[in-house]
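The letters A, B, C and D name the chains in turn, as written, and every chain counts its residues from 1.
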Amino acid sequence: MIDLQLLALLLAPLLGGALLAVFGSRKWAAELNSLMSFFTFAASVILTMRVIDSGPQVAFHEQFFIDQFNVFLVALTAFVAFTTSLFSRPYMRIEQHHGKLTTGMLHLYYSMYQMFTFAMLVALTTNNMGIVWVAMEAATLTTVLLVSLYRTPASLEAAWKYFILCGVGIALALFGTILLYFAAERVLGEGGTALLWTHLNEVKGELEPTVLKLAFVFLLVGYGTKVGLVPLHSWLPDAHAEGPTPVSAVLSGLLLNVALCAVVRSKVLVDGSLGTHFAGYLMMGFGLLSVVVASFSLFRQKDIKRMFAYSSIEHMGLITFALGMGGPVATFAGMLHMTVHSLTKSAIFFAVGHAVQKSGTQVMENIRGMLQVSPTVGWGLAIGTFAILGMPPFGVFASEFLIITTAMHEYPWTTPFLLIALGVAFAAIFGKIQPVVFGETTAKRLPHSPALIPVFVHLLLVLMLGLYMPPYLADWYRQAAALLG
Amino acid sequence: MQTPFLLQFINLLAALLLLIAFAMLTQRRILSLINLFALQGAVLSLSTFVVAFSTSQHHLYYSAGLTLLLKVLLLPWLLHRLIRKLNVRWDVETLINIPTTMLVGISLVIFSFNLAAPIAQLSEGLTRGLIGIALASVLLSLLMMLTRRKAVSQVVAFLSLENGLFFAATSATQGMPLVVELGIALDVLVATFIFGIFFFQIRETFDSLDIAHMEKLKDD
Amino acid sequence: MDSVSVSPLEVVGWLVQLWIVLGVAGLVLQRAPRLINNVIFPLSALTSLLLAVSGMWALGADPGVMVLPLGLPDLPFHLRLDPLSGFFLILLGGASLGISLFGAGYFKTMAGGTLGLLCLEYHLFLAGMTLVLLADDAYMFMVAWETMALSSYFLVTTDHNIPDIRKAGFLYLLIAHVGAISILLCFGVMQGGNGIAAYTFDAMRHAQLTEFWSSAAFLLALFGFGAKAGVLPMHMWLPEAHPAAPSPVSALMSGVMLKTAIYGILRVTFDLLGTQLWWWGVLALGLGLLTAVFGVMFAAVQGDMKRLLAYSSIENIGLLLVGIGLTIIFHVYGKHALAALALTATLYHSLNHAMFKSLLFVGTGAILHATGERNMGRLGGLIRRMPWAAMLMLVGVLAIAGLPPLNGFVSEWLLLQAFLLSPGLPNSYINMLVPVAAAVIALAAALAAYVMVKFYGVIFLGQPREKVLEHAHDTGTWERIGMGWLALACVVLGLAPVFVVHQLDLVSLSLIGSSLGNAAGNWVFLTPVDTERASYSPLYFLLAVLAVMLLTSILVRHLYHGRVRRSAPWDCGYPAQNARMQDTAEGFGQPIRRIFEPFFKIEREVPSPFDTHPRYHGQSDDRLWYILYLPIKYLTEKLASLASLLQHGRIHLYLTYTFVTLIVLLVFV
Amino acid sequence: MEKYQLLFAVLFQLAQLVLVVVFAPLLTGWVNQCQAWLQNRSGAGVLQPYRVLRKLFSKDAVIAHNASPLFRVTPYIVFGCMWLAAAIIPIIAVDLPFSMAADVIALVGVFAVARVFISLAAMDIGTAFGSMGARREMLVSFLAEPALLMVFFTASMISHSTQLPVIVDTLAHHQFVLYPSLAFAALAFLMVLLAENARIPVDNPSTHLELTMIHEAMILEYSARHLALIEWASSLKLFAYITIGIALFLPHGIAEVGNWAGLPLAIVALLLKLVLAGAALAVFEIVSAKLRIFRAPEFLATAFLLAVLGLLIHFLLGA
């Protein structure tokens, strides 16, 4: 039964990719894209309900594993992938109308979009640390093509950097995986089971600490590149700024989470083996560095998408920091932050996408008075910005509240950095977005009406998570937090 | 099973791998670089074969075959075609001069041996010390990526890095699970194709494969 | 109210919901602006009244507690209404009652869409402030706190087409946010126990903190709440944001919102932290004195009437902080009656300031509507055009100047009494500090009178400085009612101090465990310690002055003739008198500027004797902006440019980062 | 007995109310007369202020066209405040029931009310002189007022009370102690007195030279009965200040509570003290020179500092 459900979840995007590879040039390709994404989402909901009902599950000879931690990411991924597909329908048409995209490019976009979803879902659900690596690499490869979709010099450059840096990173992660296997086979024996996370988790106390330490360094540097941890983040702003907006939204909202999920899985093993907080401290250090550097980098950005890309680095840093701290509250907060950051950041990218289309530029100095042009885009952008800046009552605030107060309690020395970084980030983003939203304008009307329902659905969800968390969702987070320790 | 000869042979191959990595690091010509890369692939394939033989793990034979096919035949052929089409033969100069690079490379090797020493003590018999060599060749390839200007040589360096990883996967740990290895191979293949696509796009757009043209995106 | 089953907290809860509903209704009804003005705002005022009444009710009642099904898991929203909250609810209700009534008339001219939005934000602002006062866990508190900040930010930027207003809004929200993070950290320090439930205030009350961490919590709270209150040096946003906002909003911000910060400091210091240290009091005292003098000094040189009032708010916040500092000192040294006295003075002054500052701010709104001018140098003589506004504003001006028998005097009197009774503290430094502090307070109070004479005299008295002022119209009915209420509050609070102090006793009793008790005096004489030491009876005082005045005027009228002749003012032999020869705002502030020259950064543009169109321009800036804020800005920019060096565009460099990171980590493993 | 005492005290209070208002101009006359003598003039006689008042009352009032009600009501307010202030200072006996309603801080407040109103009235007409006078008046007062308050505080600290009767009672009737702090306070008080009563060196009551005047500039627009009330109020103010000085620094001889027999002696002592104080004031004014307006704040800042110093010395020495 679980096999079937999982199969449905994974087949939907795979099939979608195949179908769109064939029919991607048709007029209804966009609708097909949304439909397949919807199927994926539906499958994820069914799977989620299953896990809520009956706890962690393994499938396909233990090669796949669903627990409370990853199923919420699965649901989130499928949901955001679905809303993004809804958003991209009119967005891409407008791009086509503006002559930026050809039908062939759209063809590529739709099929790669589905493949990307597939790769992420595999990376999330697989139990095999090796397959995690394979899926991460696949996700990289598909998005490389998406980032370079416009074929402009800038997008090519961004994609090239993305490809090389993440390729190297992910290669290092492979080395880490090999080391992990090296340690595991001594305990679990050779063959198929030695890389299965569930098995590793059971015997983590027996794994050789020196090897695991080394392995974690490689895994952290490797997957950390994909998470966008400073100083491995260099590809991220370029790729976000130059790729199509829906891709920026899913990159920021989803791919980073998936990579972080891999890091967290490794952390559980390593700290379990070492019996110390080695991996946790390492993650905290990287997280803190990311938060601080990203905040200061925000200050000088001119390109609106680039700026929000840095904001993603900042938030991923915060999440990494929280998960590194460990403990029920911080882990809970980290996961909550993952969720709300995904929702908020993708909503912001949606709004930004339309704002950019309306004003014809990504340079913030030339985007003015969005409230006048289109109150929905303006308010979407304003509210999204306030949400991402951690203004209550949005969910981002809830998680930041827990992270900061826990940090103050557990690691007070980190708080000055957090205080400065959050203050600077606030000044930077808010100071730049305020004139974008407010004031007089010069922008024009668009040929297709924008799809802003996803923006407000996301923001409403984020608002809800700040004020009220349904009990099952709370249980879910709590169990996941207990799982990660 | 563990005959001293085979062990020595694998160690020899490992040393060869490292040597080739050094050779690549110092190589200026792209054609020779690709040839060296093919050679490295051959060594890798051979060592995988030997490990498979000595441990009698059948799936490692597939791995060896796959390596031979991919890294010795297909990829070098593809790359040869590419540079013929794109007409690039020289990697004019490296970013850091070669003696310095060599020095750094040697210290990297020492470093990785030291790092791997405690692990080597854990491992019994056959694959003792191979982790260190694998790590060294990975780091050397990474160093090569840092110092190369042309997109093609960067890619070759990247592929050589994967070779090092593969060596670690097959020889040092006596083979990963098959499904993982297949996945890895597939990814490498796709990656190479994408590289190929990129080369054409980059050349089309920038009229050159020099990465120096791609330094426009930055904070200022 | 007589029903036993209903608690004040529940009533307040309903009222908050009503406010939110009113706000949403305003948004929905944006096509019917008349309805918003004539129905929603008055209803909102009625809600305020009920809120104040429930606050009063809560003063005597046991603290009510409520847990809502919202919030974080394991940390649902906790609400609690104790006397301290009750008191601030009275303040909020009382001030917003007048402001909302005023708003009903003031927002008449606003376009429907903007008005609808403003109505929503206005009511969210009110609801946010109420919830701040009710919150009984850190999360709820922060949510309410930031809702308040965010809604007021949107209110400030109502006219967002003006770049200066955007700038003001930016500065405001930025400082508010930094303050909020600091408050958050303070809660982080104070949390009691483990898990999410540790963030309830109740858990914090039971948490055991070392002296070091208690002090850290206090300092963080002082910084965080100080940023909201406008304590030096975080005051910078205040004179920018207040003039930018529509006047009723300025009134709410200055009159009420700043007090929530005072509430926060009191709550953290006396309720949540179990122990206090004497040097906290000294710090608060010193900071308060600095803030007070600074504020009033800058108020004296302002030319913009709302900026002037904003600086005056800074001064008053300084006075409140002084009161808090004294309370801490007395409390630590076990002088309970004195602590109660200082606390009473603080709370009393909060209430007073809420009333008179709201009155003055809405008054400037009326002037702004009538003349379209904020610069005092272009006003003048409005007492003849706007007699109602002038009369009601006079009450506010006299109150804020600390003149008997109005309310401002009572709280200053109480504060000075607290100073006078301070000797006998075991710490000789504090003993020496107290007289100096009292002197500074006295100086600030006297300067406040200077400022207010300037404020009132330049705006309302003299001859109109511009032609357009001839067409200024007086306030409408709603405005008059609103201002009238606030003026009445100033008078009543001034005349019935004993009653107020008895109410405040309930607050001090619950907060610091001591009160003035019966020492506060009988119904007409305020005697905070005993009759021998000090007493004050504003009622007798007023009656006596009135009687004497009446007597005099009757005598004069009856014994002497009442012949009055009207003529032109005496010109001193210089016939070419005109309105421009009066003191402008800058002129009136000139002596202060000259005396305190080192504190100002003065830019002056003086015409040469040969200019055909002489123009004088003088501007006094805040030095702190240059020695504190700009350096921080430069430093941030510097660091930002360093950070941007990381992203240099070269892929080799990026690979090197990866490489170096890897090597470094491997070395350190 | 107690009831009678209260009744008597109320009567006494009313009596003082009447007496001060009647005799205050006399003190002004006396000071002016002393000055005249010191300047080798014959002077107009001590009753001259009464003559002036009578004359002013009988004249027609001239009011500017644009004068507001505030302008017209101000003289009454100022007069009322000053009268009240003068009436609550214990000069002969310490039981003044109305003192309960307003202690020293309130007394300072009363002065402030009068000052604020007269400054506002000065600005009302909108002439250059009016606002100049108001500005200068407020300039002088913002330093003088805290100085006065500090003087009071010193006395209050000594007597543990802010009630004037209690202060005076403590200083006059408890055991005789030399208070060094009071010496500072006395000096400060003298300076404040000069400044607040528009005397040389801060102001000159007898000049209408535009550049130097303060008080006179404010009341330029007043005439007839309004001016009379203001002049009378000025006299009351001077009287109040001098009696405050006497009460704080030379209280000896004042009658104790309920000691009606001491009254005659107290009255004699008071008269003596007033005569001396008036003469001393005249002497002080004669020997000093008018300060530039911008030196006035320095003068007053000195007073303020002296007062604070007095307070500190009280803390330091406990006396």
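Side notes on the structure shown:
In the analysis below, contacts are C-beta pairs under 8 Å (C-beta built on N, C-alpha and C of every residue); 3 or more make two chains touch, one makes a residue touch a chain.
These numbers come from a predicted model, not from an experiment.
Minimum number of contact steps separating chain A from chain D: 2.
Here the chain at the heart of the structure, going by C-alpha means, is C.
Relative to the C-alpha centre of chain B, the farthest chain centre belongs to D. The interface carrying the most C-beta pairs in contact is the one between chains C-D.
Between the CA-based centres of chain B and chain C the separation comes to 69 Å, rounded to the whole angstrom. We define each chain's centre as the mean of its Cα atoms; on that basis chain A and chain B are separated by 31 Å. Centre-to-centre, using mean CA coordinates, chain B is 100 Å away from chain D.
Taking each chain's centre as the mean of its C-alpha atoms, chain C lies 35 Å from chain D.
Those residues of chain B in touch with two or more other chains are numbered 115, 142, 145, 211, 214-217, 219-220. In chain A, the residues that touch at least two other chains are 160-161, 164, 168, 172, 214, 237, 297, 300.
Across the assembly, chain C contributes residues 643-644, 646-647, 651, 655, 658, 662, 666, 669 that each touch 2 or more other chains.
You'll find the chains touch as A-B, A-C, B-C, C-D. Of all residues in chain A, those touching chain C in their complex are 160-161, 164-165, 168-169, 172, 213-214, 217-218, 220-221, 225, 230-232, 234-235, 237, 282, 293, 296-300, 328-329, 332, 371, 386, 389, 391-393, 397-398, 401-402, 404-409, 412, 415, 418-419, 422-424, 426-428, 430-431, 434-435, 438-440, 466-469, 471, 474-475, 477-478. By the touch rule above, chain B contacts chain A in their complex via residues 57, 115, 118-119, 122-123, 131, 134-135, 138, 142, 145, 151, 154, 158, 161-162, 165, 168-169, 172-180, 183-184, 186-187, 190-191, 194-195, 197-198, 201-202, 205-206, 211, 214-217, 219-220.
Across the complex, chain C meets chain B through its residues 643-652, 655-656, 658-659, 662-663, 666-667, 669.
Put simply, chain B touches chain C in their complex at residues 95, 111, 115, 139, 142-143, 145-147, 211, 214-220.
Residues 63, 128, 130-131, 133-134, 137-138, 141, 144-145, 148, 151-154, 156-161, 163-164, 167-168, 171-172, 174-175, 178-179, 181-182, 185-186, 190-192, 194-195, 208, 210-211, 214, 237-238, 241-242, 297, 300-301 of chain A are the ones that touch chain B when the two sit in their complex.
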